[in-house]
Structure formats: C-alpha cells, structure tokens
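The next part holds the structures, each set out as structure tokens.
Both of the next two complexes hold chain A, though its partner changes from chain B to chain C.
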Partner chain A sequence: MRTILYIIQKEFLQVFRNKSMLPIIFIVPIVQLIVLVNAATYEMKHIRVSVVDLDLSSTSRKLVSKFQGSPFYRIQKTSFSYREAEDQMKRGNVDMILQVPAGFEKKLLKEGQAKVQFVINAINGQSAGLTNAYSTMILLDYNREVVLENATPAMMAGIRSIQTDYSYWFNPKLNYKTYMVPGILVLLVTIIGLLLSGMNIVREMEIGTIEQINVTPIRKIQFITGKLMPFWIIGLFELAFGLSVGKLLFNIPMEGNLGFIFLSAAVYLFVILSFGLLISTITHTQQQAMLVSFFFMVVFILMSGLFTSIESMPPWAQKLDRLNPLMYFIRIMRMVLLKGSGFADISRYFWSLVVYAVFIVSLAIWRYRKVA
Partner chain B sequence: MPENSIHVQSLTKRFGETLALDDVSFDVARGELFGFIGPDGAGKTTLFRILTTLLLADKGICNVEGLDVVKDYRKIRRISGYMPGKFSLYQDLTVEENLKFFATIFGTTIRENYSLVKDIYQQIEPFKNRKAGKLSGGMKQKLALSCAMIHKPEVLFLDEPTTGVDAVSRLEFWQMLNRLKESGITILVSTPYMDEAGQCDRVALMQNGRIMTISTPNEVIRNYPLSLFSVKSGDIYQLLSELRLYPGVHSVYAFGQSAHVSFNDRNIEKEILSDFLKKNHHESVSITPIEATIEDCFMELMNTPAKEKTT
Partner chain C sequence: MRRFRGFVVKEFYHIFRDYRTLLILFGMPAIQLMLFGYVLTNEIKDAKIVIYDPSRDVVTRKISDKILSSGYFVLERNLVSVAEIEPAFKQGDVKLALIYEPGFAGKLEKTGKAHIQIIGDASDPNTANMLVNYASGIISNYLVSMNSKKVPLQIIPEVRMMYNGELKGVYMFVPGLMAMLLMLISALMTSLSITKEKELGTMELLLVSPMRPSQIIIGKVFPYVFLAFIDACIILVLGKLVFGMPLLGSVFLLLLESFLYICMALSLGILISNITNSQQVAMMISLVALMLPTILLSGFIFPVENMPGIMQVLCHLMPPKYYIIIIKSIMLQGNGIEYVWNETLILIGFTALFLALSIKKFKVRLA
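Moving on to the complex of A and B:
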C-alpha cells in the first residue's frame, strides 16, 4: 500500500512538473466549454431571407411582416425578381427565398386559397429541415388569422379547430446550452482519461524506465494502480471544475443529486482509464498510443449522442453503440442534471458501466501482464 | 547457502531465427567481479535480462544466489540490482527524487543504506536538486549505479555501464566497482571494450550467443597460442594485403595505426619478414614482437572453429 502511495506521489510530481499539463487541466475545459457550447448549436438564428413579393398587397405584406417579426429571420433583401433572389442564394448570401406570386391577395379572397413559395438552401440538410419547419409554422399561424379575419360570425360558429400548445419538458426554453454542457463535460473527462493515461504508461516503455521498474519487487498491479490513480483523481477534479464553470458561465440546471454524477463518473473513469491501459499494451510509442486513442475517441464521440440523437441512428449502429461508454455517461449526465433523475432511472446505464468497467479492467490487466 | 553466486547451465534463448544465447554455461563465485566481453549482438544483454528475470529462457538452468529465475523471480528481484544499458531513470525527477523513489519501492530509505552508496553518491550530491535528464553522461551513470544499489543488493548486474562515457569517467567507474567488490557484492558487468577486461577478476569472451572462453584476463593472454608482431609502415592498406601473402602467416588485421600479424611458428625471424617487406617497396618498416592483448585473443578465438576450441 505504501508503495502504491509512493508511486502516486511520484506520478503527481511528474504531472505537475510537466509544463503543458496545468494548462490542459485548467484552461482546456474553459475554452472547450465556451467555444463548443456556443458554436455547436442547432438553434436557427438569423435565417437570411430574400423576399420576392410580386403581389405587394396588404395581405402579402402582413405575411412578410410575420417573418420580419420573428427573431429567427432576417430579411436580407427585397426584390421583384425571382432570378435576382436565386442569384443571391447561389452566391450563398441568403438561406431562403420567400416568393409571393402576383394576385395572391385576390386569389385568397376569391377562391379561398392561394400559394406562396419557400425555396430553402439545403446544403446543410439539418438546418434546411429546421428552416422549413419554422417557416411552415409561421405560415400556419398566419393562415389561422386570415381565416378568422374573413369569417362571418355564422361561419365562426361552424369552425372547429384544434389548437396545439407546446410545453417543452426538462428544457422549457429549448436552451441548447443546457443540453450541450453536460455532454461536453463528458468529452473533457474522456480526453483526460483516455489520452493522458495511455500515453503515460507508454512513455515509461519509450524511455525505458519500465525496465528499471520491472526488476524491482513492485507488483504489476501496484504499478498499474499507482499509474492510473492520479488520472482518476484528476478526471474527477476536472468534472467538478467543469461543472462549476458550467454553472457560473451558463447557469446550467442541476436538478438531480450530484452524488449520482460523481458515482457514475468514478465508474466511467475506470472504464476509460482501462481503455487507455489496453491501448498502451498494443502500442510502443506515445505517438502510436495517441493515434489509436484518437481513433477510438472520434468514433465514440460521434456516436455518443452528443451532437446527433442516438434514436435516429440505424438499428445496427444503435446496437453497436452499446459498446460506447460515452453514450452511457452522457445519458446519465443529462438525465441527472436536466431531468433530476434518481438512481432508479439511471440504474440501467449505471450498471452497464459497472459491467463494462469490470470487463475492460480485467482485459487490460490480462493483456498488460502478458505483454510487459 | 550455495557456493556460487550465479549458476548457469546450458542456457539457450532464441528470437525467431536468431540464436541469441547458444548453450551458455558458467558459474560466478560470491564477491567476484565478472566481465562479459563481446561485440554488439553477442548476447550479453539477453543473458542479463534472463538473469534479472525480465526475460524467460527457452532452455537451461539459471540460478541467482541459489534461487531459480523463473520460480523465485520475486525473491531475486529483492536481492539484485540492475543497471540497464540505456539510461532508464526518470529524467524529469531530480537526482534525489530518483534515488528516494527506488529506495522506497524496495521498502528502504536513503539514510538506511547511505553508507553503501556514499562513495558514489557523494560525487553527485551537490547536484541533487538537478533533474536527472540534465546530468552529464558520467553523472547519469553514477546516479544509475546508486539507484541500482540503494537496496543493498547481493548481486549487481551492470549492462554496458561504460558505453558512451568518456575515457576518464570509464576508468573512474571501474575503480568504483573494485571498491564495491570489497564489500562482498557479486558484480556482473558486460562491456564491448576489450581494454576493460583487465579490470575484472574473470572474463567470459562472448560471440554470437556463445561463450568462447572463461578465465582470468592474464590466463586468457597466457593461453594465446601464436607469436604476434606489430608491424608499422607508411601505407597500412598495402601492408595488410602484402602481409597476407607472406608464407606461414596465420592472421593479419589492422590494429589502430599498425597491423598485427600472427604466426603459428614460434620461431619466426623478424629480419626475414623485414627483408620481405622492404623488397615490396615498404620504406620505413618497424616490426616489434608484442604480447597479445585481450583483443588479439578475441580475434583468435573468433577465427577458431568451435570444435577445435573444446579440444
């Protein structure tokens, strides 16, 4: 036990002596939170619209003013030439063209229906879909007004409409930041755990110190524990630090018990650190270790549900995702922080992590014994 | 307590196609300074790694202080000190931190065994707060030796400790080893430098995974079977090729600025050789009969087929 403590002490000494280490621990989380959280957003703001109003009636203007009034749209240009508007879109200056054909008002009043056209730039399919959805909503809203305005009281009685009211649970203002911060924090802990731990052990092989360690009575298990424990501690510290930054800067909600978060994080870090250890047994240099870790990290992150929802992935990918430790931890984080889930709610994911941890720790230690 | 500190019998290790150790046997007495001498690739490091329980042999018996390297590896690790050929201490820890670390993982303290390393450690103590990576080659080597000895080992394995160290530090290092020997520690050293053989009690000359001979340095030289001359002339390349044509020559090879020529015949006349060379337009020829060095013996052993050697 004394030996392990001494290895940990030595490891911390080396970590803090490493000049790039302190910035990694303290600055990276802040930068990542600020940049990623603000940048990686799906909220549509400032959709640039080019309006081609060929009708110029009070009805058409009312429609345009609906778009003007919405915070999501910015009328970039108004013209009478569809061609000109199209040109603007080709150059990438506008995201959407709203065209109101000539005779719109007349047609609407006479025939009871008229058409408008949306042309949406769909280079980014996701944002195009959202733009379409927003625009359709505005149009529907407008439609109802038109109906009400032109209806006689007798007609009014005959109209039965179903009104839909929305209420978004767990994130009432649809604040994207509250959704992103917990995910980004998982990312941070993962980077610390996977990259630094794997590289740290390989470094001992690379500079040959492992040879000197191996001739001492230190047991492999003591060595591994002593090596990984500091990063386990740093990882947990990092999470606490990141949560504080998230609370202070973004005022993220913390509905649930933080104890569950740290309990899960403790297990999650076991998984990640063992993964790093496993990588260190199949590589010989720090560079190799970094590349292999990086490969796994990219796959894990993209499939973690951080940016895209897991439910919309194809079934085979969803099955494969059960091997992705990030997925479990991100879910737990979001559930506890945003929903205030209790242990019963997260237990499925928590125990999955525990099983994962046991499996990967055994695998890593078995491999390590065999190799070193 | 076993009589010998190290007992190795028929040790064989193969790496794929390469036979790194080929039926190696030897014994080292307690308190002996035993040297393994041979070029790179002779199998010295492999042998040391097996003795220090870092590598498993394919075949053979290998005992350190009566303990089996496979079965009792844990006990062996407690009683042996190992200094690998490559500097392998923590470069980002200071001199003192390194020593303290190795003392602690062996369950001891610097103070407890200070007397043992005092001689060596004192020389680097003024720099104890300097990081190990910032030390000079000679100082690194002293630190490595201190770290290998801080737990008071019974056997010390030093793998090429003098490689890459300047001549003065090398000599100093051997003096340190000889002083250490007085405290009763068994020391095994490997080196590619033939001129260091004289510092050992006994040496084993190794080549291609085999031990060619084991004896005291003096005996190795005494057993040199040939008569040897050092020949100097202006054009060394010309000289080498012409000497090979001389009747009765056993071997010719360059040795620094001169050529070493050996003859099976003990009664070679220096004058006749001199005349022969002068006839071949060598002007300022100097021929001196010399005593063989370890390197000459090594060259001779290398040329002798294995069968002849055993007879």
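Moving on to the complex of A and C:
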C-alpha cells in the first residue's frame, strides 16, 4: 500500500511541476466547454434570403413581410432578376431565394391556387431541411390568414380540420445548449483521460526511465494502480468542475441524483484510463500512442450519439456501438441530468460500463510486461 | 544540396519504418469516410413512439397507421393512461407521444374539428422538433386526402434544393474530413516529430551539424507534405467513387489550394514545436486547442451562421473554415478562382503569419 502511495505521489508531482501541462489540463477544457457549447448549435437564425418578387401585389408583399418579421430570416437583398440572386448564392452570400412569379395574386384569387418558389442552398443538407421546414411553416401560416380574409363561408363548408397541439417536455424552450453541455463534458473528460494515460507509460519507455522502474520490487498491479489513480482523481475533479461551470454559465438542469453521475463517472474513467494504458502497452513511441488514441477517440466520439442520433444508424453499426464506452456515459449523463432518470432507468447502461471496466482493466494488466 | 537530400531520406526512413503510424495515417481517412457515409445521418428513422388512443375508432386507427408506416416512427406500445407517458420518456428510448382526444371520429364528424396532442422528448431538442414536424405533416396530409373538396386559396411552395438535391451528408463531410485530417497530419505530426528530437536530445546533434536551421526544418516537414497530399487524394478518390461526391471545378485548382492549406498547417506545426519542449505539451496543444475547434468551429458539422456573434468572430480566426469554403465552392459549385480568391489570400496571410512567428521564436541553442 505504501508503495502505491509513493508512485501516486511521484505522478502528482510530475503533473503539477510541469507548468505548461497544468493550464492544458484544467483551464483549456473549461474554455473549450464554454466556446464549443456556444458553437455546437443547430438552431437556425438569420437565414439569409434574397427576394425576387416579380408580382409586386399586396399579397406577395405581405408574404415577404412575413419572412421579414420572422426572427429566423434576414432579407439580404431584393431584386427583379433571378439570375442576380443565383449569382449571390454562388458566392455564398445568401442561403435561400424566395421567388414570387408574375401574376401570382391574380392566379391565386382566380384559380384558387398559386405557386411560390423556395430555392435553397443545400450543400449542408441538415440546414437546408430545416430552412425548408421553417419556410413552409411561415407560408402555411400566411396561407391561413389569406383564407380567413378572402374565403366565403360557402367555400369553407364541409371542410374538416384536425387541430394538432404540440408540447415539448423536459426542455420546453428547445434550448440546444442544455443538451450539448453534458455531452461535451464527457468528451473533454475522455480526451484528457485517454491522452494522459495513453502517453504516460509510453513516455517513460521512450525516455528510458521505465527500465529503472522495471528493476524495482514494485509489483505490476501496484505500478498500474499508482499510474492510474492520479488521472482518475484528475478526471473526477474535472467533471465536477465542468458540471459547476455548466450550472453557473448555462444553467443546465440537474433533475436527477448527482450521485449516479459520479458513480458512473468513476466506472467510466476506469474504462477510459485502462484503455489508454492498453494503448500504451501496444505502442512504442508517444507519436504512435497519440495516433492510436486519436483514431479510437474520433470513432468513439462520432458514434457516441453526441452530434447525431444513434437510432438512425444502421443496425450493424448500432450493434458495434455497444463497444463504445462514450455512448453509455453520454446517455447516462443526459438521462440523469436532463430527465431525472433514476437508477432503474440507467442500470442497463451502468452495468454495461462495469462489465466493460472489468474486462479492459484485466486486459491491460495482462498485456503489461515488466520488461522493456 | 546532397546533405539536404540525405536528411530528407532519413526522415522518410523514420516514417516508413513505423508501420503502425503509417497504417493509421492511411487507414484513418478510409474508415472515417465509411463512418460518415454509412453510419452517421441526421435523418431520423425508426424513432420510438407511444400512443394513447382512448377512442379507438376508424379515424384514429387510420392516422396511427399512416404515422407508423411512414418509416420515421415505430410503435413502442399503446398506453392505457396518460400517466404512463413520463416514465416512458424517462426510460430513455421513447421520443414522442401521441394523444387522441376521446370520441375522436364522432367529434370530427359533428363539429368538423378534433384534437390531437403531440408530446416530444425535448431533452434532445432537435430530434424532438423534427419528429413533431414530421408527425403533424403526416396528419395534415391525411386531412387533405380525407376532405373530398379542395381547400380554397392555396399557396403551394415549390422547393428546389441547389447543388445537393438529395440532401446528402457526404457533401458536407468530405470537405470537413479533408480539413481535419490534413491539419492532423501536417500540424500535429510535424510538431511531434520536431519536439521528439528535442526531447531525446538529438536536436542538439542536428543543430551542430553543418546544415542550416532552415534546411533542418524544411527537411523535417517535407515528408509530411507528401503524406498529407496522399491522404487528400485518398479522400477525394474514395469520396468520388464510393459516395458519388461531385467534382465540378478544376482538379488542379483544388490540389493547389490543398497544397496551400497544407503549408499553412505545417507552419503552424513548426510554430508549436518552436514554443514547446516536450511531445506531450505539443500534442495537447495540437489536439485540444486545434482539433476540436477544427471540427466544431469551422462549419464542418455546425454552420457558422447559426452561432452567436462572438463565436462567429472566433470562427473567422480558424484557417480550416476558409479551406472548407474553398473546397465546397470548387467541388460542388464548380467555381473558379474568381470566386475564392478572397479566402485564398486569407490562407496565404495565415501561412505568412505563422512562419514569421516561428522564425522569430526559433532558437539555435536549446539550453
């Protein structure tokens, strides 16, 4: 036990004496949390529109003013030439062209039907889809007004309607930040944990100091525990720190029991740190270790459901995703923090993490050899 | 010159003998492309819903059928009371709840009006928003087909999606992946390889050799230009062949711009290695301070226009952003240099800035 304490002490000294590492471990992640959470947003604002109104009737003008009044849109330009508008789109200055063809109002009142055109820059498919949804919604609202103003009761007779009301639970204002904070926090803790542990032993190998430890009576298990403990503590501390920042700055809800969060985090960090340790036993230089960890990290992050939903992945990928520790922890964080799920709700993910931890710790210990 | 060539050959040996690193460097673009192409979509399929239907008549059953056969939703279960909704959400899998009012068909027949309530699990606000939109869209479509008479005074939107008719995600991630991987290889790998010589003490040997410092640095980064270029080509070819990513503009211009971007990243890598002394610090700076912003602040995943004002200013300081704009413009819109010279100049500016800074920070003596 005393041996372990000495190793822990040595590791802490090493971390805290390295003046350039300290800010990277403690300050950079928090700055990143603040910056990235603000950046990671799908909320659409200021869709830049170029209006080509060839009709210039009161109906078409009112339609344009509806777009103008919406906080989602910003009218960038009004012109009478579609070609000019398209050139603007080519230059990347507008996201959408709203074109009202000539004779729009006449056609609407006479034939009871008329068309307007939305031309959307769809290079970003996701935004294009949302832009389309918003625009259609504005048009439908306006259409309803037009019908109310101009339609006679005779025209409306026999038409049935179903009213749909919708409500959003757990986050009625659809605030995207509260969804992202728990996820990005997991990301940052993971990056720090995996890189620190992954580089640690390999560094001693590269510099040659591992030889000195190999010839001491320190046992394998003591050495590994001593190496991992400091990062485990740093990781937990960082999570707590990040959660407080999230609470203070973004006012994220904490519906559930924080105990569950830290319990899961403790297990999760074991998984991540042992994973780093495993990487460091199969590589020989820090460069390799870094690349291998980077590779796994990118795959883990992308498949974790942080940015895209897991349900829409193909079934084989969802099966593969069971090997992804990030997926479990992000789910637990979001469920507990945002919805107040209890232990029964998260137990499936929690026990998966426990099994994962046991497996990967034993693998790492087995792989580690006390020879250079 | 011969001395210099010998040095470059040494660097190539260093890299090519390390097969693990090579495997990852060339395997990474392929695997990430596959991930983005086949696995990650923003479309929503098979979202689980629960339905509370106390009236159980022809109309409600038909609406439920329409919703469940749309491909967006699968039924988790039918509820017997409204109180079951919250636990269903808390267990985590159910995304949407659909609640009909009692006596639905009867009310619709008599008064011409009936109510449906849709509740979304907005702990994931985007998905909730989209699912609610899908569901209400399906319901209003059903309504149109149910009404025999045409609704008067309809304005019909005609939507045209430019440059990417099928809204494919691949159009976003090929440019993004190129920006990310070129940055990784150029900035990260060079900074590591230079700091490694410092850490192991071999930098001292190089500095006392008759080679000039500029030769050492150029010799160090040269192989990585080569590797980065190969990676860029792998991504382009795979993107084209496997995912049908169009390449409308000039390939030459595209490669030229990529070369410029690689130079920018390399000078950034040199700068990092000049201000750090250990690989760990260099790596942490590159990864934590470069990679995440490259992914999130460059418009790769999240569009820059949606971010708050200060963030947008930050985004303008991210070189990858300009590179991504350039590639998209060349590949997808077929634009020539006249549309992207602005961004090109900015990249050149960044390169010059980083180089000037690294020359200023360069020390011929280590201790």
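One rule holds in what follows: the second predicted complex is superposed on the first by the 361 of 372 C-alpha atoms of A that agree within 3 Å, B and C clash if a C-alpha of one lies under 4 Å from a C-alpha of the other, contacts with A are read in each partner's own complex, and residues count from 1 in each chain.
Going forward, a residue touches a chain if its C-beta (ideal position, glycine included) is under 8 Å from a C-beta of that chain, and two chains touch if they have at least 3 such contacts.
These numbers come from a predicted model, not from an experiment.
With the two structures aligned on chain A, chain B fits next to chain C without clashing. Contact with neither chain B nor chain C is seen for A:N93 once the two complexes are overlaid on the shared chain. By the touch criterion defined above, A:K45 lies against chain C but remains apart from chain B after alignment on the C-alpha atoms of chain A. One of chain B and chain C touches more residues of chain A, and that partner is C. In the superposition on chain A, contact is made by A:V215 with chain B only, not with chain C. Of the two partner chains placed by superposition, only chain B is touched by A:I7; chain C is not.
Using the contact criterion defined above for the overlaid structures, shared-chain residue A:F170 touches chain C, although it does not reach chain B. Legend: residue contacts after superposition of the two complexes on their common chain; A:V35 is shown touching chain C, with no touch to chain B. Of the two partner chains placed around the shared chain by superposition, chain C is the only one that A:T308 touches, whereas chain B remains out of contact. By the document's definition of touching, neither partner reaches A:S244: not chain B, not chain C. When the two structures are aligned on the shared chain, A:I207 is found in touch with chain B and with chain C.
Put simply, chain B and chain C get as close as 11 Å, counting only Cα atoms, in the superposed view. Shared contact residues of chain A, touching chain B in one structure and chain C in the other: 18, 207. For chain B in complex with chain A, the touching residues are 52-54, 74, 77-78, 80, 82, 84, 86-93, 97, 101-102, 104-107, 147. Put simply, chain A touches chain B in their complex at residues 2-3, 6-7, 10, 13-14, 17-18, 207-218. Across the interface of their complex, chain C is touched by residues 18, 20-21, 24, 28-29, 32, 35-36, 38-48, 63, 89-92, 95, 108-109, 112-129, 132-133, 135-136, 139, 142-143, 146-147, 150-151, 155-156, 158-172, 174-176, 178-179, 191-192, 195, 199, 203, 206-207, 283, 285-288, 290-292, 294-295, 298-299, 302-303, 307-309, 311-314, 317, 331, 334-335, 338-342, 345-346 of chain A. Residue ranges on chain C touching chain A, taken from their complex, read 18, 20-21, 24-25, 27-28, 31-32, 35-36, 38-48, 86, 89-92, 95, 108, 112-130, 132-133, 135-136, 139-140, 143, 146-165, 167-169, 171-172, 184, 188-189, 192-193, 196, 199-200, 276, 278-281, 283-285, 287-289, 291-293, 296-297, 301-303, 305-308, 310-311, 314-315, 325, 328-329, 332-333, 335, 339.
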